[in-house]
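Pasting in a structure now, in structure tokens, and then I'll have a few things to ask.
Read from first to last, the chains carry the letters A, B, C and D; within each, the first residue is number 1.
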């Protein structure tokens, strides 16, 4: 059982690096391989934009209102916030009160930003 | 299924819309295109606030007016109303005869917005134009379609496929398709209705 | 799939693995036209449950669908649109013509209905009935799966 | 960039170019086209949108035009119900019933229909109303993201379709109603199965109401969406649940009772807000009222009786008498080969369908085929009000509005 030996000598973050590399390579393969292997059968209609079965009515290069980007930014901020709960939640018992307070501070700071955007009408679409 | 590509030959397309007084389902008014708007707005002010439907019909043999544009009206309260207040609303049927050479009728889509699509459909399927209509184009058929399908002289299976032969096994109806009942049969039918209605004597309409 | 001689490895051709994967997840395109569309929806409902065949994911866009179920009568105005949707689907793709109206115009032998969707697009499986019961549609999806597994279109080289 | 192509003209690749309107600021013309997951059928709404707000919406219909009225003019009187039943495929029996009531009025035999036939006709109408509202609730819920009601509703609908299959022979288009009554009597095991459906209905309805009625997400998405005032509803000639949700309690079963509807007591659910939530509540209450009628009809179905008028000039004689009596054989053959003749005249007969007042204007010129069968399509007029409702709303709300108007495109496009 000599495999264990190798892992002990690597830095504790070795498996994480391997895991990320494999994940990245696999997803890269899934994106690139179908393009290479699959047989291409182009036809003029297939290359046009799909719009519910009719001719595309307007070219998509028009300008987009800024609200779309605003909603996207807000989503990214609060999604990252939600994602950062996970590591804390895993170690919650070890961190005990200190972890809880730290997390509460983190939430409060973001809640202030949330309240500000809400009052300024960032969430109202009209 | 009887094969009837051409309209019923020689059918004296009598005007069936004025023959049956016994079916009292609505008050019937017969108007010409000139006075249709006046009649309808009069009826509307008189309380017939709902234009239920605008339908079309084609009577190829009929002389003064080949097409019929049929307006169904209903007396309806315009405010919040319970079942009792609605009660049994009165129905009116306005038949507007339209000649074949210039089938034009003034639109009523400004009186009732619901007439918009109904009139477009009559234009699409019958070819009766409604002048003053905001968007007079086809609604059911593709926009580059020729001909008006619901006319009696439009073949059932479309212009392109009219000449394709019907399957030989299609039953040839042994009755001259479309000749209306006449003579003894008509009398028998009327007697039958009279007997069905239990009225002792009913003079059969001519 | 032949079992390997070594016993602990399964030796099989890559193609049959691809065909097995394609056959067990034939994703239909949401294109409900008329009465047959209601029976298609009933096929996804708990009583008949098309999910057992792996086809319950009805993709809205033709780019992600590989089975087009023409469910209902195809009007003359809808014809070019059905053709366009078929063209915009990614290969390999299959077509089920569900019901008598899609297969042959059905009871509507008149000016408004395309007399059979196979005059517009190639059809793989015809389902009789007006509308066919959801069992008929499930059996049609089974036939499509058999076509894929027995070496028709599809597979790793995606011969169209 | 303005391209003033004629609307709907065919382009070289065979597609349909739509009228591209003047584009001043960053508005975009989008075709919520015939193939769309939440237009409840083949509806194309050409929307001019500014970001998510709709500034102009013009629904385009005709993508399911089947020429049903032209086909009906070329079929015998009793054959025409085959194509007419396929118009509103969520409640086919209501279409057939309305058409045959009109034909019976023309024939003058509308007073002679045996009571048991009328009871079964009322039973079938109310069952198809519940089945149609189930499809509406299932697909309407999916538009808003509620997937569970779809499975509950379609399971309830499945039980009702079993009843149609037992009585008429087919799940969706049973062709069970004929001139003068029904094709034949109810099968013997039918009443037991009907009791099972009646018993199962109450708990299922409680689950459905529990799922959606007080669900805050559902309420946020449907309250104050697509408000129609009573005056607008009449101007756009809306009927059915859409009109009753705006406050006017017009129900054809109460206003012009047919098939013995005045013999049952049920009330007409009405709300006054006129928004999508009000339409939702009206339809749910309507399903309860339909079940109330079904319970009353169930009691009357125990008494046996004829289901067909005895006059074999219109209704085919019972099969067993054909081999015995020469006259029955002649009548049967005459009916099958060239159908009966209807005396000339025109009639407008209305019925309360799940979507509103379904009317048939039938014209006959004494021939053995209808001269003209004009349908008053309730869902075409209910859908037309979308032009006015969608202005200024979000696209997501327009999807909810289309769902709440409950259009069926076999009936809109005929």
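Basically, a contact is a pair of C-beta atoms (placed from the backbone, for glycine too) under 8 Å apart; a residue touches a chain by one contact, two chains touch by 3 or more.
Quantities reported herein were computed from a predicted structural model and do not represent experimental measurements.
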Original post:
So which chain ends up in the middle if you average the CA atoms?
Top reply: D
**OP:** Identify the chain pair with more contacting C-beta pairs: A-C or C-D.
**Re:** C-D
**OP:** Between chain A and chain C, tell me the centre distance in angstrom, where each centre is the average of that chain's C-alpha atoms.
**Re:** 34
Subject >> Approximate Å spacing (C-alpha centroids) for the pair chain C, chain D >> reply: 29
Original post:
With chain centres defined as C-alpha means, what is the inter-centre distance between chain B and chain D in Å?
Top reply: 22
**OP:** Give, as an integer number of Å, the spacing between the C-alpha centres of chain B and chain A.
**Re:** 62
Subject >> Residues of chain D touching at least two other chains >> reply: 10, 13, 15-16, 33-36, 62, 65, 67, 70-71, 413
Original post:
Listing for chain B: what residues touch at least two other chains?
Top reply: 140-142, 149, 154, 156
**OP:** Find every residue in chain C that makes contact with two or more other chains and list them.
**Re:** 76-77, 81, 84-85, 109-112
**OP:** Write out all the pairs of touching chains, ordered by chain label.
**Re:** A-C, A-D, B-C, B-D, C-D
**OP:** Could you please specify the touching residues of chain C with respect to chain B in the complex?
**Re:** 76-77, 109-112, 115
Subject >> Touching residues on chain A, where the partner in the complex is chain C >> reply: 37-39, 41, 43, 45-46, 48, 50, 53-54
Original post:
Which of the residues in chain B come into contact with chain C in the complex?
Top reply: 140-142, 145, 149, 154-159, 161
Original post:
For chain D, which residues are in contact with chain C within the complex?
Top reply: 10, 13-16, 33-37, 41-42, 62-68, 70-71, 82-83, 86, 89-90, 135, 138-139, 150-151, 154-155, 157-158, 161, 171-173, 409-410, 413
**OP:** State the interface residues of chain D toward chain B in the complex, per the touch definition above.
**Re:** 6-10, 16, 61-62, 65, 67, 69-71, 74-76, 79, 105-109, 111-112, 230-231, 234-237, 239, 247-251, 254-256, 267-268, 270, 272, 311, 313, 337-338, 341, 343-349, 357, 359, 361, 363-369, 371-372, 374, 376, 380-381, 384, 388, 413-414
